[in-house]
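Note that the chains take the letters A, B, C and D in the order they are written out, and that residue 1 is the start of every chain.
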């Protein structure tokens, strides 16, 4: 005979189980954040679903519109990013689509798309500081820009590799105001822009604008890069599709004729 | 003296350059499929942008609504998929968010999410056949189901690992009709469902429903898995975020006490 | 009261557990294929360990030497492969080393490194056919080359993107003979080379040589690409290290000045 | 007419080219670190090639033996690591081998395999400090252990999730002495072990041992994780192969019967 107590002791799960509060899966029932999925499908938009998954609640109409605009702004930046080039290299080499997408995502390093998180972190820290030390946003803006400049670091979210004036940033800020979502993080970002424009003639770029707005929408900086990826994936997919359908497979992107003997010994193409 | 002709001959680029028709990048100007991006931001939805990137044109209002519903239906399936578990394992191990997302995407193999492409391919081939051999959809449905059954292969898009009746499939088909997008691929899928329901009691699942609808929206089967990934990425991100914020790092998902000496020599936990 | 029998029935694990015969892990004991790891460390070479892990037994001395040579031959091919370029793009973008390695590995698609598996599969199928249909290797060689040529497909393992005569292939074949590992797959490959050299002036390349030798070492074609990756990973790592330590971060590999307005409308760099 | 000056202005390369000093690729010639590859193949071992690629020179015989032992020690740790589980999940889902390998590599996060780099960094910093501040290794050992303990951080390279006494660490240290490669980093690690063993009863693990020995072999901490991956890849490959050949595809690793309605509302398996 085995008593209940002994039994419980024997079969104590000794591992931490998989568990989640996001979606409950039962036979014939899928419930996400409390909503049966077949009630969500056709009744909410994709950005509303994204918000529901990440924040646990549906957004207001204005929050939805802003998130929609932010995601659209992330979608594609042509051939120039290393992530798009990596994805296209892999597509050319014949890797399946999911591997090319994964490859593109892996190219988002500290120097590329990491900027959005660093920018969000800076703004969120700035707002914390302004509260805990009872400082105005202008004072915080001064402090942050000085910190970065003294350490000879570029301020994330300002300036741009390709554009003197990133055309997408002012548009996003304008929408932030229009949708009533322009709050303290955006104000702080504008103060920083005033200082940098005066000192160096540079302005906010898309990372800075979206960092400010995503912060004002209540997203923690740690999901910043992830949200960027959600927005950028359709563009990556379009590039992979284009490479696979319009270009010859395994295009010779570097011709061996460039590698003639007699080239400088150790450094060669 | 060097003539222009000789010059062009000398400096013939010997490599195929990067090139794209998706987004043109110039200083201060980003133009996607002909539209300046700052005109798109705030004026089109994220699914409209996705359609624009992949098909080169904006969708109709009804097409947009259907694409929206399809993307929402892809978003999350809880803890059960290997892709979500892989992403969470990596999150637990402390990998950065983008690596976890990439890892989750890599788990979409032939047996997992590959189904949507195989289903689209089957339906698209079926419609081609019906045109070239002038057969009715019912006749094609018979032929396809027989082909798969004779080769002892499961028909992609029907039946499900967890659900006897996938709750999302009928909802999607209903929306397809409501939005006037229910066309030949969907009709073919319904015919196949009739046959399979009679023979084996199984019905269409989400892959089958979306395969039919995406085909009727005009997407080639080769981007099927990619579109699924576009829809699933927000769910993966939510799981990664949850694992990193609510669980201890590097959870012991398999306890060594299970690996006592004396276990069956060669096969052990 | 609960009897042992009822109990076992109730608590039947309904999931397939993780299990392996490769390495048994117990507290303070790690046993790989029956050998305690601390007895292997310092007593066997890395290629012997690789063979032990993949084939379950240690190789003969000659097999070890050949595997060693094969792995050395895989190590690096400079800047030219898309995999190395992808890894360097990611390194430049600041991704951590493991992400860059993963990215490089993802670029091994069907057209790049997939060749070694396709070549092994062809040779292994050829030897099967020669046994089942009692044909000589020359006859099989004829049949295989005709099959590929009639379908206008390149024969995997022969010819090369950069080299008219791949310098590594004859060296490997010579070693195969020297180590007494040159068997039927290698003979078949030589027969194919004779035919192709006569018809098209092309010879075996490294994929073909290693495909033949790995097959004669008894590796199934399905691990061919994996073994190539084992050999190539040190080269990828060296390139990532070089990019991160010797080049500026986030090098502008495509200048926006090339993207002047007035360029041909839709196709642009 | 085009003058030379105008010409140079027009054709100024505006992009940084791909370049490397690792392997020069010319038609029919591959030269790695100055050695023609066909001279390396069959004449040097795989670990010698690894050393040549990463350090630019061939190792001494003793250095080769130690590197060999280190790589063998990295090869496999059974089913327990998240990286191996991720790779097997993907293999089960039907992903191709290279995607599974990439996925396994992506699971090496800060809490898993990152330890070897953190350990190398700590030891290398310790030796720098001992030189610049003219302190003995025992004094440095005290300082480092105090630093970590005061910040409630675990000291990387000591203790282990599964083993009270990692069986591989003493074996590696012994080989380090035998091959005359046991130098200041290893001495520092032994001093730290003495302190920790006294205070907490914990000893060096494989990360600590290899961190010390790789540092004494002259490898910078930034390639530590990469060298671990070079050593671990064969084990990952063996697990992927085993999962694909011995287990049913897409094993149900979590049964839906566990997901009965009535389970605790929000937290469910």
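Keep in mind that, in the parts below, a residue touches a chain if its C-beta (ideal position, glycine included) is under 8 Å from a C-beta of that chain, and two chains touch if they have at least 3 such contacts.
Please read all numbers here as calculations on a predicted model, not as lab measurements.
Enquirer: Please indicate which chain is farthest from chain D, where distance is taken between mean Cα coordinates of the chains.
Expert: B
Enquirer: At the place where copies chain A and chain C touch, is the share of residue numbers found on both sides over half (same) or under half (different)?
Expert: Same-residue interface.
Enquirer: Need the CA-centroid distance for the pair chain C / chain D, whole Å please.
Expert: Comparing mean C-alpha positions, chain D is 21 Å from chain C.
Enquirer: If you average the Cα atoms of chain B and of chain D to get two centres, how far apart are those centres in Å?
Expert: Chain centroid spacing, chain B to chain D, equals 34 Å.
Enquirer: Counting only residues that touch at least two other chains, what does the list for chain D look like?
Expert: 18-21, 24-25, 27, 29, 79-80, 85, 96, 98-99, 102-103, 106, 108, 162, 252-254, 256, 259, 268-269
Enquirer: Line, ring, star, complete or other: which describes how these chains touch one another?
Expert: Per interface graph, the chains form a complete graph.
Enquirer: What part of chain A is in contact with chain C in the complex they form?
Expert: Result: residues 1-2, 7, 11, 78-80, 82-83, 85-86, 89-90, 92-96, 99-100, 102-103, 106-112, 114, 161-162, 249-250, 252-254, 256, 268-269 of chain A touch chain C.
Enquirer: Where on chain D is chain A touching in the complex?
Expert: These residues of chain D touch chain A: 17-21, 24-27, 29, 34, 96, 98-99, 102, 106, 254, 256, 259-261, 263, 266-269.
Enquirer: Looking at the complex, which residues from chain B come into contact with chain A?
Expert: 14-16, 18-25, 27-30, 32, 36-38, 40-42, 44-47, 49-50, 53-54, 65, 68-69, 71-73, 75-80, 85, 88, 96-99, 101-103, 105-106, 108, 113, 162-168, 170-172, 174-175, 178, 222-223, 225-227, 229-231, 233-235, 237-242, 244-245, 247-248, 251-255, 257-258
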